[in-house]
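Worksheet: the structure to be examined is printed underneath.
Letters A, B, C and D mark the chains in the order given here, with residues in each chain numbered from 1 onward.
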Amino acid sequence: MQGLEVRGLRKSFGGLTVAQEIDFDLPPGARKALIGPNGAGKTTFANLVTGKLKPSGGSIRFDGSDIGSLGESERVKRGIAKTFQITTLFRTMTVRENIRLPILERQGRGGRMFGGAAADRATEAEIDALLDQFALLPLADKPIHLLAYGQQRLVELALTLALRPRVLILDEPAAGVPSSESHLILQAIERLPAELAVLIIEHDMDLVFRIARSIVVLVNGRILTEGTPDEISRDPMVRQLYLGEAHV
Amino acid sequence: MSVQEIPLTTIRTRIRGVPLMPEAVMLALAVIAYFLFPYDLALLTRIMVMMLFVLSLDLVLGYAGIATLGHAALYGTGAYAAGLFAVHVSADPVTGLVVGAAAGAALALVSGLLLMRAHGLTLLMLSIAVTLICQEIANKARDLTGGADGLRGIRMEPVLGLFKFDFVGRTGFWYALAVLCVCYAVLKVVTLSPIGLSVRGIKDSAARMVAIGSPVYRRLVTIYTIGGAVAGVAGALAAQVTQLVSLEVYAFNLSAEALIMLILGGAGRLHGAIIGTLIFMVVHHIAASVDPFNWLFIIGALVLGIVFFVPAGMLGIPAALRNLTGRNGDARP
Amino acid sequence: MNNLVRAALAAAMATLCAGACWADTIKVGVIAEFSGPFAIYGKQYKEAIETYVAQHGSQSGGHDIEFIYKDVGGANPDLAKTLAQELLIRDRVNYLAGLTFTPNALALAPLIEQSETPTVIFNAATSAINKQSPYFLRTSYTLWQVSTPLADWAYDQGIHTVVTAVSDYGPGIDAENAFKAAFEKKGGKVIDTIRMPLATTDFTPFIQRVRSQAPNGVFAFLPGGPPTFGFTKSYNENGLAKEGIRFLGTAETEESNLQALGDAAIGLTTAFHYSEAHDSDVNAAFTKKLGELSAGAVANWASVGAYDGTHLIYKMVEAAGADGPKAIEAVKSLKWESPRGPVEMDPKTRTLIQNVYIRDVERDKDSGRLVNREKGVIATVGDLGWTD
Amino acid sequence: MSLILNIAVDGIAYGMILFMISIGLSVTMGLMRVINLAHGAFALLGGAAAHALIARAGLSFMAAALLAIMATMAIAFLLERLVYRRIYGLGELQQVLATIGITFIFIALVNRLLGSSLLAIPLPDFLQQSVDLGFRVLPAHRLAVILAGAVVIAGLYLTIERSRFGTRLRAAVDNRSIASALGINIDAVFAATFCLGAGLAALGGILGAELLPIDAYYPLRYMVLFLIVVSVGGMGSITGSFMAALALGILETASRYLIPDFGTIVFFAAVMAVLAIRPRGLLGKA
C-alpha cells in the first residue's frame, strides 16, 4: 500500500504507557488532524513516526516497506518530514541559507567539501521559487532573527517543503503566532501540494476544522475515535473529553 | 543542471559574492610586517603557527560549535609525527607537513568517533582527557619521543630543496606564511562548501539538521577530522621551525589560549581567528616584555573585557559601535 | 621584490654586525620563568643576579653589563627559541643565560652554534645538553653528579637495601638509573623501583609499598613544589622514619619550599651541592646581600646557579668582551670559590666539578627556620653522566 | 587481603579529599549551571588567607580557617554582585572564558602578594598525629577530612534537598521567570548559593592542602581534577559528586597500588569510559 501505515504501535517509558495499540493510516493526499487533550501522546506519536523515539512494539510501514528500524534522518530521506512545535530554524543564517540546507541534503550534496554551497544555479532557482510561493522572497537575504514570528513559521514550512516530502507532519503550526498573522499560516497550508499526505497536530480547532478532512482523537495514548470533522464535532464522547475541556 | 556548470558558477560566485578583501588586506599586512619588523621574524613566525592552530579551532568550534578544550591533542600529535618523521625518515619539510596533517587527522577521526557523541561539559572533559592521555603516552614512550627532555635531532632540509632555514628566520617566515595561506584557502573552500553550511546548521540547531535528514554525527566527525589535519599541520610547522618537540605541545594552556584568541577575534569567521591570534600574541608579547612578573593581570583583564564588552569578538566591534550611535542597520523597526 | 628583500637583509645584517662589533655595553639575555607554576625560579635567578651585580658592580673588564629578562613561562621550547632569536637579533645580546628546563636549552643549541653565543645554563640538568653545542656552560649540577655519590655514601653507612621511588619522567628515570647503577656496583641491593606518575597527588600507596618491603632506605626523586611536598608529608605521616627506612634525596629539601614542608622535613637526608646554610664567608656574604636586596628572599640551588653563572659571564666579558669562542676558551677551566664551596669548570663537559655534601634537615636554633645542615663532603665530582 | 584493605582505606580517605576540594564547584557549577573554572581561585584565596593568618599573623589553625573562609565568602559576594551575575546568562564558552579570566587575575594577585612558592598551612598538633587502625596507621588529618566531608554532605543534603532555600534555588535555576513570579528573590538566592560554593571551595582548599598544597598556580594546576569529579558525578547532583569522588579516589588509589606505571592512562581512560557510557555523569539529570 502507498503512504504511511501504522499497526499496533506501542511505547512505554518504564511503567508509563504513552502509546498503546495505535493503528493509523495516512495515504497520499490525506489531510488528517490529530487532536487530544494535553498529555494524550500526540507529540510522542509524531516522534515515533519520525524516528526520534523507538517504539516498544508494533510496526510502521511506508510505501509497503518497514521503516520501524530506520533512524530519524533515514526516514526524512524516505520522505517523512515534520515541522517543530517551537520554531526551530538556523538562527544565524539568512532565510535563503535556511532553505538551501534541506535542498542540499535532499540532493545528497550536504557533505561535499568543495564547490560553494551556493554555486548551483538550479538550486538557487528552486529556493527563489519556494520563497516566492510563501511571499518570502523580499526577505531572502535577511537573517532569520530579524523576521516576525509568523514569517519564521512560514520559513519553517518552506524549509520542510524543500525536502519534497511525501508525508508532512505539522506539529502545532500556528502555536505562538499572533492572530494577526495566523491567516498566513492557514493560506500556506491550504496551498500545499495536493498529493502530499499531511498530518496536523493542533489545538486551534478553527484551523483543524478548516484543513482536516479526517480527524483522529487521541486520549491517554489510545485512539478514541476517528471520523470526518462533522462526525467528530457531533461525537458526544469527544465533546465531553476534548472539546468540552477545550472550551471551558 | 550540467556537470560542467558547477566549477564555472563556483568561480563566478567566488568572485562576485565572496569578499576576498579581508584576505587581501591580511596578506598585504603580513608582507609589510616582514619589512617593518625584520628583527622579529621568529615571533611573527610563531604568531602564524598559532594562527593556523586557531584557524583549525575556528573550523571545529566557531563553525561547527564543537566545544573542545583538547585541541592541543591534535596539534601535539602532528608535531610529534612530523618530528619523528624528520628524525627517522626524511628531513623534507613539505612531506613532514603532510605527515603531521595525516597524524592530526587520524587522531581526530579516532577520538572524534567518541567525542562527537558528547556535548557541553562532558565534551570538554572528554577532550581534555584525550589530550592528557596523549601526553602521558608521549612521556612514557621516552625511547621514541625523548620524554620530558624533548624530541631532538630534527634537522630540516631546505624547503622544496631551495630555501635553507636561516638564523634570522626569513625562510621560516615565508614558509609559515605560505603554509598559512594554503591552509586558509582550504578552510575557506570548506567553510563555503555544503559541508561548511551543514556544520553551521548543526551549530545552530542539531535537532533541525536531523529533521532535514542530515547525518549529523558523521558530518561532525568529518569536520573534526579536517580540523585535526589543519591542527596537525600547525604542530608539524612548529616542530620544524623549533627543531624540537616537547611534552608541552599537549599542554592544557595551549588549548585554553587558542580558545581565548578565537573568541577575542570573533569565532565563526576565518579572519576572526587571524585577528584574535594577532592581538592576543602581540599583547601577550608586549605585556610579558614590559613586566614579565605581572602580565597575567593584563591577560586576565583582556579576557574579561572581551566577554563583557565585545562578546562577538573584535569583529563585532563595528556593530557594537553602530549600536551605540543608534545607526544599526540590522535593528528591527 | 627580490632586490628589496636583499636590501632589507643587508641593512639588517649591517646593524646586527655593528651591534656586535661596537658594543661597549655587553648584553645578557636571561630566559627563565617569571610566570606560571615555576615563576619562583625566575625570581630566584633575578635576585641572585642582582646580588652579584650589587657586590661586583655593573662593569667587567671596562664593559657595562646589562641583563634583559624574558619570560618563557615553563618548558616551552617554541617560545624559548623565539625569545632567544629576539634577544640575539633585535636586542643583540652577547650572552644567553637562565634555562630551567631541558627542552628549552636543547631548542637553543642550533641557534647559539650559529651565532657563537656563550650560553650559561643555570639549571637544566640533563647531561646530554652540553653535547649539543660547545657554547653551553652549566653552573648547576647533573642528576648523576649528586645521585651517584649519594648511593656510595648510603652503602658505606650500612644502608644495603633500597627502594627507589621517582617521578615517572625523564629526570626521575635518570636519577633512578644513576642511583641504581652506583648502588649495585657497591654491592647494595635495589629491591624495588617505583615510578610515580607526575600527576600523583596522594603518595600514600607508594609509601605503603615502600614500607611493606622494609628496605634500609628509600631513594626519592621528584620535581620541586607540590609533588615533593606530598611525598615527604606521606613519608612522615606513615611513620617510615620510625621504622628505620631512611629518606635519601637530592633536591627535595631545597630552600624555597623547605619552610612549607614544616616539621615533617626534619631528619630528611639529602646529597646536594648547595645549602643556604653552607658555612663559608663567600656564602655568608652572598646570603646577607641577597636578604638586604630582597626582603624575605631565600637562597637555593637556583640562586647559586644564577650567582655562579653571573660570575662566569663577568669572567668571560672580562677576558673576551663580546667574542664568544674566545670567551668560552677563557673560562673553560676556571676555578673559583662559590657560595656552595670551591668549584672548577670541567673543560670537557662544561659542567662544574664541585663538592657534593650530605645534609640533614634541622631546625636552626637561632633563626627557628629549617635548614639543610651539611654533615660533610662525600665527593668532589664533575658530570658523572657524561658519555662520549 | 591487606592490600584490599589498604586500597579501601586510602581510596576512601583520598576520595573524601577529592570530595572536599570539588564540592564547592559542584554547588556553583552543578546547581547554578555556571561553568565555573574559577573554582580553584576561591580555594586558593581561602588557602592563601589561611596561610597568611597562621604563618604571618600567628593565629591558630581553627581561627585562621574560619576567618579565611569568611573572607573568601565576602570576596565571592562582591564578585557575584559585580561580575558573576552578568555571567549567568552567557553561553557556555563565554562562561569558560570569563571564569578563566577571573582565575588569571587571582593567580597574578596571589603571586604579587605572597610570591609563587608553596604556602603551607600548618596543622594543629592533634591533626598531625597518626591513628593506629590495627593493621596500619592513618594520619589523623585524613580522619578529620572524612569527618568534615560527612558533615558537609549531610548539611548540603538538608540545605539543598530538604529546606525551603533548596526548593527556591532549584526553582530559580529551572525557570527564572516563574520563580520570580512566585515571589522568590532570585538575586538573593543566587548570591547566597554562590557564596556557599565559594566558602566550600575555601574550606576544601584549606583541608585538602596536605595533598594539594596551596600556591599561586593552584587554580590551574588542579582545575582538571575538580572538573573531572563534577562531570563524572553529574551536573546538579551533590550525591553524584560524592559518589564520583569516592569512586575516583578508590580507582586512582587502586591503580597506584596495582599498576603504577600506567596509572595516569588507566585513570583517564576510566573517566572517558564513564562519560562515554553515561554522558551526563553517574547521577546527572537528563
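Quick note on the criterion: a residue touches a chain if its C-beta (ideal position, glycine included) is under 8 Å from a C-beta of that chain, and two chains touch if they have at least 3 such contacts.
Predicted model only: the values in this text are computed from it and were never measured.
Student: In how few steps can one go from subunit A to subunit D if every step must land on a touching chain?
Tutor: The fewest steps needed to get from subunit A to subunit D is 2.
Student: When you take the mean of every protein CA atom shown, which chain's own CA mean is nearest to it?
Tutor: Checking distances from each chain centre to the full centroid gives B.
Student: Suppose chain centres are the mean of their C-alpha atoms. Which chain sits farthest from subunit D?
Tutor: That would be chain A.
Student: Could you state the distance in Å from the CA-based centre of subunit A to that of subunit B?
Tutor: A distance of 41 Å separates the two centres.
Student: Measuring from the mean C-alpha position of subunit C to the mean C-alpha position of subunit D, what distance in angstrom results?
Tutor: The mean C-alpha positions of subunit C and subunit D differ by 35 Å.
Student: Roughly how far is subunit A from subunit C, centre to centre by C-alpha average, rounded to an integer in Å?
Tutor: About 72 Å, centre to centre.
Student: Can you list the residues of subunit B that touch 2 or more other chains?
Tutor: Residues 136, 140, 293, 296.
Student: Could you list which residues of subunit D touch at least two other chains?
Tutor: Only 111, 220, 261, 264 qualify.
Student: Can you list every touching chain pair?
Tutor: Applying the touch criterion to every chain pair yields A-B, B-C, B-D, C-D.
Student: If we count contacts the way the header does, which residues on subunit D are in touch with subunit C in the complex?
Tutor: 6-7, 10, 13-14, 17, 111, 115-120, 122, 128, 130, 136-137, 139, 141, 210-213, 215-217, 220-222, 225, 252-253, 256-257, 260-261, 263-264
Student: So in the complex, which bits of subunit A are touching subunit B?
Tutor: 50, 52, 72-77, 81-82, 84, 88-93, 97, 100-102, 104-106, 109-122, 143, 146, 159-160, 163
Student: What residues of subunit C sit close enough to touch subunit B in their complex?
Tutor: The contact residues of subunit C facing subunit B are 4-5, 8-9, 11-12, 34-35, 39, 42-43, 69-71, 74-79, 81-82, 85-86, 89-90, 102-103, 106-107, 109-111, 114-115, 126, 128, 132, 168-171, 173, 197-198.
Student: Given the complex with subunit A, which residues does subunit B contribute to the contact?
Tutor: Interface residues on subunit B, with respect to subunit A: 1, 5-7, 9-10, 13-14, 17-18, 189-190, 192-198, 200-201, 203-205, 207-216, 218-219, 222, 226, 268, 330, 332.
Student: Which of the residues in subunit B end up touching subunit C in this complex?
Tutor: 35, 38-43, 45-46, 49, 136, 139-140, 142, 146-150, 152, 167-170, 238, 241-248, 288-289, 292-293, 295-296
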